[in-house]
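Several structures are given next for inspection.
In what follows, chain A forms one complex with chain B and a second complex with chain C.
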Partner chain A sequence: MTVLPTSAPAEEPAQILGKKLEPYLLVLPAMLILAFFFAGPAVYNIALAFQELSLFDLGREGKWVGFANFAEVLTDPSTGQSLINTTLWLTIITVVLRLALGLGLALLLNATVFSRWKLGWLVRSLILVPWVTPPVVAVAAWKWLLDARYGVVNQALMGLGLIDQGIPFLARTSTVWGAIETMLIWRELPFVVITILAALQSIPSELREAARIDGANEFQIQTRIVLPLLKPVLAVITLLTTIWTFNNFVYVWLATRGGPGDYTQVLATQMYTTSFVDYRMGAGAAVGVVMSLIMFAFALVYFFVIFREK
Partner chain B sequence: MKHALWRHAALMATGLVALTAPVLAQDHVNLIFRQFDPPTETAGLQAAIDAWNTSHPDIQVRMETMAGGDTLAQLAREIPAGAGPDIQHMAFVWTRDLAKSNLLLDLGPLIEAEAPGAGTDDFLALELATLDGKIYGMPWSADTFAMAYRPDLLEAAGVTLPDTWDELATAAQALSNGDGQYGLCFPAGSAPDSGMWTLVNYYLWSNGSTLIDETAPGTWEIVASAEDIAAAMTYFNGFFTAGTAPESLITVNSWGDPELIGGLGRGDCAITFFPPQTFRAAQGQSELPLETGMIPAGSEMRISHLGGRALGINPNSKHPEQAWAFMRYLLSPETFKTYNQYPAQESVLDALDFPENEQGYVDMLPQARTFERYISSPIAVSSMTGLINREFGAVFSGQRSPEEASQIVLDELAALLERGKS
Partner chain C sequence: MSRDSVNSHPIRDLVTVVLGVGLLLILAFPFIWVVLISFRPEADIFTRTFQLVTTFTLENYAILLEDSPFPTYLRNSLVVCTIATVVAVTIAMITAYGFSRNRRFVGRQTLLIMVIATQLFPFVILITPLYATFFSLGMINNPLALIISYIAVNLPFCIYMLLGYLDTIPRDLDDAARIDGATTLQIIFRVILPVAWPGIVTVSVYAFVSAWDEFLFALTLMTSDENKTVPVGLAGFFGEYTTQWNLVMAASVISTLPTLIIFMFLQRKLVSDLSAGAVKT
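Showing the complex of A and B:
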């Protein structure tokens, strides 16, 4: 008697449906979390930007005013100044300096001398100290360091005979941006250094050795081999640090509150004062939407320029 | 058998506890009281709350402390969401804003059931806590500003206590020695909550001006001229240009900043202005005695503002009666035995003995006026404060001339007034 091969039992429609739904069910919790904590507030903020609503009436629906808040924000002369401050003084200068300093420091830390003396762990730990300091603490400490009468920086400058009287760095328009940028770069530099260092250490040493055998000097190795290989990492660091800095509120607010006068007002502090000093949540939300659109446009252009070869 | 009996008894006891626990818990009320004085100034208040908790095991109160600058926005977020503390410590100027949006409980029925202290007529600045005839907050502490100074430095410089704004500028000159001692210190920061706002108004009011006023019932107008504001800017900027106030104060926003408190104690500053609790903190840090005097007079009058704190109940509180009982305790003379503030009740205030070196406050209190003239206006007081501090800061740092900055103030005030009306 021969046994005929039997086909697999047909699946029930419910089983088929279950299998089809399975991937969606698996990602559902993550999607719900994203919707609740990210998409929800973002949509609410966009809706708020089209309303006139007081801080004290957050529980109610505001008066719908169309694009009036955007028109007001975009025609306000102080927005232009805040945009320049945010883009140039806060973002471009600090991002460029962080990349330059970060690359230089990472190359130094990658030197074989540290591993030879078994000091790699120490310098990597030390470089992380500013990064693990909370920004609030970092700014408070820097404000004391820069104090005109009792600050260490002024005492040192006076001790060296470079100045006769302490400089109130945060009170003068000539020095205030430099002071804020110093605080920001000191605190945020380790991220750049550590990320580039990790990328450097992932470059196979055989590539360098092969180049040396082919007669390349150290400068040529760095510019022709190392830098091109670092390009994707540098691109991501540039994008991230630009977005984080452009949206940053903490450094300026804690250091100067936008002062003296409105000299260091940036878009983030303008958004805060509009919402929580003038109590105009709709206009404040409009500033936030404008900031998001600028960064969205920047990210699109940036990716297009950086990765167009691909 | 014996074990089974024990097991049954234990189960029954557990069941009984489970059933009665919620009932017992309901008898024991927990309240949250949120306040925003800095932690360095809350020991007396905490002592008063501890005393309440000891004598009221059925109503236990926990004190929360939050930074003053964040408190209002936090309340505005929490209360519409059904949360927030039961009892809230508020600046006088916030009460109506919160009440307008139903973020405070109408205290009328509670007051009717059991009035606080010697009755509501006894409370100073009650009008600031009243909206459409209903009371939404009880004034709790009251204070004003006085000139605080180092008598030894004035004596050494042969300077008598200045009585007018002009005399103050002259005295500051004599008290500045060019070697780290300055005649006058004040918070000249540009932050929206900078103390500069207070001085600007004293100067304007005492010289017969004010930013805005209700010129006829329901009609609000800008009163100060560009010249008035520019004159105030020039006056205060004069301390920096003359070197009689340290330039570093352009970054100082708070009256309680160590630059001011410590500066007076160390002798870096000869004269400043303080509310009472800050003066006491400065005296605590100074080895030499400090004194208080009256705010300088202008061409029209001598004036300061009557500031202070109010208490309110959250409309979300599940225990308004208990919250009211605790609030009446906070308002009572009992609390002020340890709470280091001036009470906002005339009868309690009259019974207080002021230290000799706080005579400046005793003299200024009768001449102090609330910010009522601004609170009732269509412009948010915080917007006006932010505008004034920003533009004065712009002058101090040389960004704008007094003429340019004063014109910006007038233009923005006009825009704020227009928006407020609409």
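Showing the complex of A and C:
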């Protein structure tokens, strides 16, 4: 019998190379897709913003016009209005309200009585209802609830004798933002509640008990112990909801198309209208670049503040 | 439990539950209302506002499914979202495995940060350049354009979530399979996939639902009625000038069914997984 070598066979150079290459081969397809889909369009969008190009001339190179599109977008008085609409009425108000309402509801639902009475399933099912509703359905449902003649809201107000005839909430400048904000907050509130609830449930109950034994009351426990522990989660939710809402198109578009007149126009609907209704792709791209710059600046400031706190 | 009983006050408990469930019912009301209205005869929709129950009828659903283009929208959405989900999760699985099992290759950190950064990307600026690109490729109004878009949009989140899952699966499994002569792809799909099943379900549900709900890409890239998806088709029912409310109600309920069913079966798991995923970002 031949004596077999006892040491393990040395790896061939090709095998070693294969091992080194393997991670790259595994992640390459996804990275190519992301490059094609995010990096490519982002660069192309910037290039497009410096051209004049009609939707009908796509495929050809547009006329290079320097900063003309930006000059037009930034000097157009309706852009200022869109900017205020997007920032204040669409984003800040709904983010603040979502955080406040979401925090309140999460603190309430976190009470031990819900698990003691075995109501967890009911709470979870009900809170998920707006969230499983597609945004388009959310807008449809609220348009019906707010309908001037047949909607529950108007019928109830008339029934209570508060008004004589139905209010067309989405057609009046005094009520239209409130109506859009209601739709958005309704659909997007569960994300905030669920995320905060998850964080609350990860706080060890010993912490509350210890505070209670030291004589803290319920309010002190919530503000001095629970809230500080929620800070990281609230920070993430604020960042995500702000960015998602600032760029959101669907609620305003389906509720009002930016109307009445241009009253509820936001940057996302202005961009879509410029590119796909007025067929001016270059000017639309310029609006997109302005939006991205604002969001980028927001993210930078945000990370700076978070970083300083740590 | 003994600790709970010390500070449980029956009255306070009752107030908490009534308040909590009451608020949640108010929150759920708009959708419950849509469901109720969808079973009313068209005439009753406009007259008996406050009556909780009127005549029960399936006529709105019958009109929707027999005399409207809604079944086409439904089929388009199912095809596009299913293909996009399967492909996105498959690619994400391979990618996440690559990141999870190779801790120290050059560029790993940078690539991972890029994957996470796309979560903060303003999607709305993609639409103009993507329209232009798909136009040059002759793919406007081609469902494949939508499928590709949804794969790409969902990929980062899927990679990120699956990476978290794969990191918890012991590497001994891979090593054992490798000694038996399995290739890397065989390990991913024959060994890891069955173990990572719970994570894959969560990620697939997320990818499917986000594609199912998507409006802007479908509105822009699919121009003819026969290629529209459910959200865009439904939006057409409550257009600027006329609204067919009976169809809107029935279509709203059917559009919500897939997500409603999925979440009903998986509520406990999905809520914890998705919130964990969101918070980790």
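Basically, the second predicted complex is superposed on the first by the 283 of 310 C-alpha atoms of A that agree within 3 Å, B and C clash if a C-alpha of one lies under 4 Å from a C-alpha of the other, contacts with A are read in each partner's own complex, and residues count from 1 in each chain.
Methods note: a contact is a pair of C-beta atoms (placed from the backbone, for glycine too) under 8 Å apart; a residue touches a chain by one contact, two chains touch by 3 or more.
Because the structure is a prediction, the values reported are computed rather than measured.
Q: Let's test your reading of the overlay: on chain A, do chain B and chain C clash or fit side by side?
A: Clash: chain B and chain C overlap once superposed on chain A.
Q: Check whether A:Leu58 is in contact with chain B, with chain C, with both or with neither, and answer first, second, both or neither.
A: both
Q: Who does A:Leu32 touch here: chain B (first), chain C (second), both, or neither?
A: neither
Q: Chain B or chain C: which reaches more residues on chain A?
A: Per-residue touch count on chain A favours C.
Q: Could you tell me if A:Arg124 is touching chain B, chain C, both of them or neither one (first, second, both, neither)?
A: second
Q: For A:Ala199, select first, second, both or neither according to whether it touches chain B, chain C, the two together, or no partner.
A: Only chain C is touched by A:Ala199; chain B is not.
Q: So, A:Leu108: does it touch chain B (first), chain C (second), both, or neither?
A: Second partner only, chain C.
Q: Could you look at A:Phe276 and tell me whether it touches chain B, chain C, both or neither (first, second, both, neither)?
A: both
Q: Just to be sure I read the superposition right, which of the two partners does A:Arg172 touch: chain B = first, chain C = second, or both, or neither?
A: So A:Arg172 only meets chain B here.
Q: Contacts for A:Arg257 in the overlay, against chain B (first) and chain C (second): which applies, first, second, both or neither?
A: So A:Arg257 meets both chain B and chain C here.
Q: Across the two complexes, find the residues of chain A that touch chain B and also touch chain C.
A: 58-59, 149, 257, 276
Q: Show which residues of chain C lie in contact with chain A when the two form their complex.
A: Spelled out, the residues of chain C in touch with chain A are 3-4, 7-8, 13, 16-17, 19-21, 23-25, 27-28, 30-34, 37, 45-46, 49-50, 91-92, 94-95, 97-99, 101-102, 105, 108, 111, 114-115, 118-133, 135-136, 148-149, 151-153, 155-156, 159, 184, 209, 212-213, 215-216, 220, 230-231, 234-235, 237-238, 240, 243, 245, 248-249, 252, 255-256, 259-260, 263-264, 267-268, 271-272, 274-276, 278-279, 281.
Q: For the complex, which residues does chain A have touching chain B?
A: Against chain B, the touching part of chain A is residues 54-60, 147-149, 166, 168, 170-173, 256-263, 273, 276-279.
Q: Quick one: which bits of chain B touch chain A in the complex? Just the residue numbers, please.
A: Interface residues on the chain B side: 73, 76-77, 79-81, 97-98, 100-101, 103, 180, 189-192, 246-251, 253, 268, 380, 382-383, 385-386, 390-391, 393-400.
Q: Hey, which residues of chain A end up touching chain C in the complex?
A: 20, 22-27, 29-31, 33-34, 36-38, 40-42, 44-45, 48, 58-59, 105, 108-109, 111-114, 116-117, 119-138, 140-145, 149-152, 155, 159, 186, 189, 191, 194-195, 197-199, 205, 209, 212, 232-233, 236-237, 239-240, 243, 246-250, 254, 257, 268, 271-272, 275-276, 281, 284-285, 288-289, 291-292, 295, 299
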